[in-house]
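There are two complexes below, and they share chain A, which is joined by chain B in the first and by chain C in the second.
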Partner chain A sequence: MMLLKILFRNAFHNKLRSFLTILGIAVAILAFGLLRTVISSFYAGVEAASTSRLVTRNAISIIFPLPISYTEKIRQVEGVRMVSYGNWFGGIYINEKNFFPNFCVEPRTYLALYPEFVLEEKQKKAFLADRKGAVAGQKLAAKYGWKIGDPITLKGTIYPGNWDFVLRAIYTGRDNTVDETQYFFHWTYFNEEIKKIWPRYAEQVGFYMIGVTRPDIAPDVALNIDKAFKSSLAETLTETEKAFNLGFIAMAEAIVTAIQMVSFVVIFIIMAVVANTMAMTTRERTGDYAIMKTLGFGATDITILIFGEALVVTLTGAAIGIVLTFPVAKAFGQQLSTYFPVFLVSAQTIYMDIAAAFLIAFFAAIIPTRHAIRIRIADGLRRIG
Partner chain B sequence: MAAVPLSYSFRNLWKRRLTTILTVSGMALVVFVFSVVLMMAAGLQKTLVETGSPDNVVVVRKAATSEVMSTIDRKSASIVEMLPQVAAGNQGQTMMAKESVVLIALKKKGVEKSSSHSNVTVRGIQAESLPLRPQVKLVAGRMLRAGSSEVIVGNSIAKGFRGVGLQQTLNWGMRTWTVVGIFDAGNTGFSSEIWGDVDQVMQAFRRTIFNSLIFKLKNQDDFDAAKAAIEKDPRLTLEAKHETKYYEDQSEVMAKFLRILGLSLTVIFSIGAIIGAMITMYSAVASRTAEIGTLRALGFRRRNILLAFLTESLLLGFTGGFLGLFFASFMQFISISTVNFQTFSELAFKFTLTPGIILESMIFALAMGLIGGVLPALRASKMKIVDALRTS
Partner chain C sequence: MMTEQKKSIVEIKNIYKCYHRESLVVPVLHDITFDIAEGEFLALMGPSGSGKTTLLNLIAGIDKADEGKIHVGDVDITTLTETELAAWRANSVGFIFQFYNLIPVLKAIENVELPLHLTTLPRSKRHEHAAMALSMVGLDHRMDHYPGEMSGGEQQRVAIARAIVTDPTILVADEPTGDLDRVSAEEILSMMERLNHDMGKTIIMVTHDPRAAQRASVLRHLDKGYLNHDAAQNPL
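Then we have the complex of A and B:
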């Protein structure tokens, strides 16, 4: 108890400096937490992916389509429960700045494969009944102020022209890790229109979504599907939804790595600042340490005092930073919902924050402690101020 | 009375080395991050800008944001070829290339564990494609023969991907393609591409339409006339862009993303560094109270004191900025390869240090020093001589 009192007294001895240091730590921990959240939200799509869903695409690359006639053949592969399909549409709403993922799908099977998209029964029926109907996520609908029954026009970037839809349903996520910014519509509508403008591109799909009966047989099912189309004009590549989503992130790996590195740099910066503070306090208190030594306190006691003081300062700052992370992340997530549909502070991030705080305190205290221990009593007492 | 000499500020920093080093290294790290992110954005932009030539024109389908998305049928291509603004080569042929651009998934080197693929651009080229891109030079092997399943690969691709070395083979479109040459296109986007014969590429992918047309202008001022002729023609749904502009547009999203990321990061980081400078300067003032009193008694004015302490903190900022830039400049030897969000294909580029970035980083570093030092310096200058002298 006595020790804690001394530690706090020492830590807040110079109010201005303690305040500045704590402020610096709070800002650094806040920045670190936000950066970790940015990284984890990059992987949000991977986390949310189900292991019992497979994605089949053209083996050459994602931009090449597969014939719709593969549906039946895939259905025949053992272990396949359900097959859905769709195309990436890549339309833009009014102008290029309004980006959101939009694609056409076979709606009945697609919604059955994605139980995490929750639709009201009445809206779902209306969507299935209307060939020009579309479904939007709740966040997306809120962003553009869409209501059920609103007409929406998307301008095609891959498929030319203006495409008209009627919003028939708005889905909500089963929980907060579900992306609520997607937009999808009927593949049949897309196919009919494509027949008119580019008959050669009709009857083709960009990807198949496949539900398997049990998650553990997914890898074998994937191999069997690919085997079925080996040496055909459009060879397939099938992988779990998780691996498929991970593939997209792997492409931007350099960016993710850069953010990761930068998040550690901020810890180094604040380490330097805290080390500086600790160096100053111990320099000012050289006389105190000399007196303590005279009284018979050993190196361990002085070490505990200095490390303890560093811990008090960093943990106070870290606590403030962690508390601030939540409201700031929320505001940040709203601003950047286009880039990061799911932006949540994970428990892991908080653990890393705390670990970082301990690390800062530890390294910041090393050099000052060495100085304080090495100083000779006579020199320490002689020194003034 | 004359100003306090510069050596006074300098010696003070030297006297308290540990503190100075810690403060400076904090600042140097901030400046390092600041300049590296800007260098990344600048490198990306430079690569894409240098990819285009000022007297070349790219024609793509209206509203298509990249060549991959665009489609141009043969009839439209012939109409464009007949334009009077298209330059003629020395054999009288038109200096226009009809090209096909697709993406294929290739495995990157060094990621054995994951099955991660990255999209690489395959460009089907014609004989005219080469003179239109004078930057492209063969560095190994030979040129591909027209009408054969041969490809040449850019050096960034040859370096970063598996199975694309000389004489190695690639499989796509039910065919085997042999790599017969490696080309260097300098610091341009072409270094991240694979080139094959356009007719063979289109056949392999069962395509009958081109993706883009590239032609050289007879003279540079003809662009507006050519653009008008293409975009006003009711038979065509195409648009024409300067090649430089076309590639510059492709860097926009990424460069903006990097800049916003860099700026918001460094603003947050700099708070840490400024606080570091403030702590250092406050304690410098506190431990030198008697000294300040003596200086004042000797006849130095308040503004001299203010200036001396500001100089000290500016020196901190300058050293931090210099060190940060020094280490950042080594990043120029590193080139990174990542996917360009806009075209969805791989692009390699180098970190590029421009005079603008040096200037911005230095201003940024000095500003950090100034902001950190201004309050402590004011406190120093406001001290009363008697009070200051009384403290021992």
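Then we have the complex of A and C:
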């Protein structure tokens, strides 16, 4: 008990230094938590991917289309439960600043395949019945103040012209990992318009989304689909939704790696700062430790005092940093919802924060402890005065 | 008239001690041999660098001799390991230092209680003993004060309370009045005198101050690491 009393009082004895050290740790843990959340948000789509869904695209590249006529042939592959399809539209709202993910899809099968997009039944019916109808995620609708029935015009960046829609439904996510910033509309409407402007691009889709009967047969189904189109004009590449999403992240791998590096550099810097503070503190207390050794306290007691003090300071800073991470991440996510539609502080990030705090405390205390234990009592006592 | 021969509590035999400064070997103590009787108040005097503090540290078990034997009571402390020495110090030695060496984050009562945490005494007994020790040095009204809130004299009285709270075999004091004004120094010396006379405590004190040394019952002089073997009985 006495050792606990001493280490807690030591930790806050020099108030300014303790405050600044704790502040430094809190900011570092906050920065670390935000950077880890940025990395997690890159993988949010991967995490949310279903194990019973496959994606089929052109084997050469995602930018090359596939004929709509593949639908029936895919449906006939054993293990396929449902087939949907769509195109990346890439439209902008008013100007380039207002970018969000937008697709045209076959609506009935798409909504059946993606039950995580929750629509009110009345709105769903209205969307399905209106060829020019569109669905927006709740966050997206809130961002632009859209309400049901509002006319929305998107400017095509790949497919030229102004494309008019009527907002018929607003979806919410089944859970907080679902991206609520998407926008989708009828593929039929898209195809009809394309026939008018670029007839040779009509009757083509960018990707197929396939539901399989059981997750465990997904690899075989993928193989059989690709086999079915072997040596055709447009060969296919079928992969799990997770692998498909990972393929997109791979394009930004350098950025993700850079963020990861920066997050570890932040921790390394604060580790050095805290280690320096602990070294100063221990040096100042050399006399105290010497007198405790003189009175009969041993190396274990001194180790408890120094490690304990480092832990108290570091965990206090880490706790403040972790508590601050949630509101800051929320504000950050709102500001950058276009780039990070799902920006949630995961339990794993918190565990990493805590692990980082323990690591900082350990490395900060190890050398001062070794010094305090090894110094001769007589030399330690000489430091006083 | 026959004088009663008092039993020796400390026996020092042929002690040698050197310090190593890189490649240099600095001899500090040469063939020191003498006994300290139970209940003796010994003042070790000598110029700076004469080896007084080193000798005190060896007797108190906070440093080790290169050669020779030191018996305190029945224990040959030169054969003890570091861990055994720590336990022995906790039980047998009370320390009083020039700069008091109190733990700044602990109150007076907590500082006095500190050595008792190495005993098996329950919490209430520890508190009771510490309060009694503080009361003996006249500081029962300053129990809840931190060292920084007390004068030098008061801090040294707390240090004395801490030194006596475990009822040690010997008390060692290294320049106990070196950092005090005349009045406070006199108070501390009187207190040590009372501990020696009234409680029979064996005290070994290192001092530069002849006035402090006059309070001791025996004076010994060290010079350049050699002991002047003619111990002087203090006329007082």
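General observations
In the analysis below, the second predicted complex is superposed on the first by the 383 of 385 C-alpha atoms of A that agree within 3 Å, B and C clash if a C-alpha of one lies under 4 Å from a C-alpha of the other, contacts with A are read in each partner's own complex, and residues count from 1 in each chain.
One rule holds for everything that comes next: a residue touches a chain if its C-beta (ideal position, glycine included) is under 8 Å from a C-beta of that chain, and two chains touch if they have at least 3 such contacts.
Just so we're clear, the structure is a prediction, and the values are computed from it rather than from any experiment.
In the superposition on chain A, contact of A:L128 is made with neither chain B nor chain C.
One of chain B and chain C touches more residues of chain A, and that partner is B.
After overlaying the two complexes on the shared chain, residue contacts for A:V46 are found with neither chain B nor chain C. In the superposition on chain A, no contact is made by A:A202 with either chain B or chain C.
In the superposed model, A:I68 makes contact with neither chain B nor chain C.
Of the two partner chains, chain C is the only one touched by A:I377; chain B is not. Judged by the touch definition given at the top, the superposed model places A:F297 against chain C, while chain B stays out of reach. Counting contacts as defined above, chain A residues 384-385 meet chain B in one complex and chain C in the other. Those residues of chain B that touch chain A in the complex are listed here as 18-19, 22-23, 25-26, 29-30, 32-33, 40, 61-65, 68-69, 71, 102-105, 108, 111, 114-119, 172-174, 205-206, 208, 237, 261, 265, 268-269, 271-273, 275-276, 278-280, 282-283, 287, 336-339, 341, 344, 346, 392. Against chain C, the residues of chain A that register as touching in their complex are 2, 5-6, 9-10, 13, 287-288, 291-298, 376-378, 381, 384-385.
Residues 53-54, 57, 60, 62-63, 83, 86-87, 89-91, 95, 97-99, 101, 103-106, 110, 113-115, 117-118, 179 of chain C are the ones touching chain A in the complex. Residues of chain A that touch chain B in their complex: 16-17, 20-21, 23-24, 27-28, 30-31, 35, 59-64, 90, 96, 155-158, 160, 198, 200, 231, 233, 237, 239, 243, 246-247, 250-255, 258-259, 262, 265-266, 268-270, 272-273, 275-277, 279-280, 367, 384-385.
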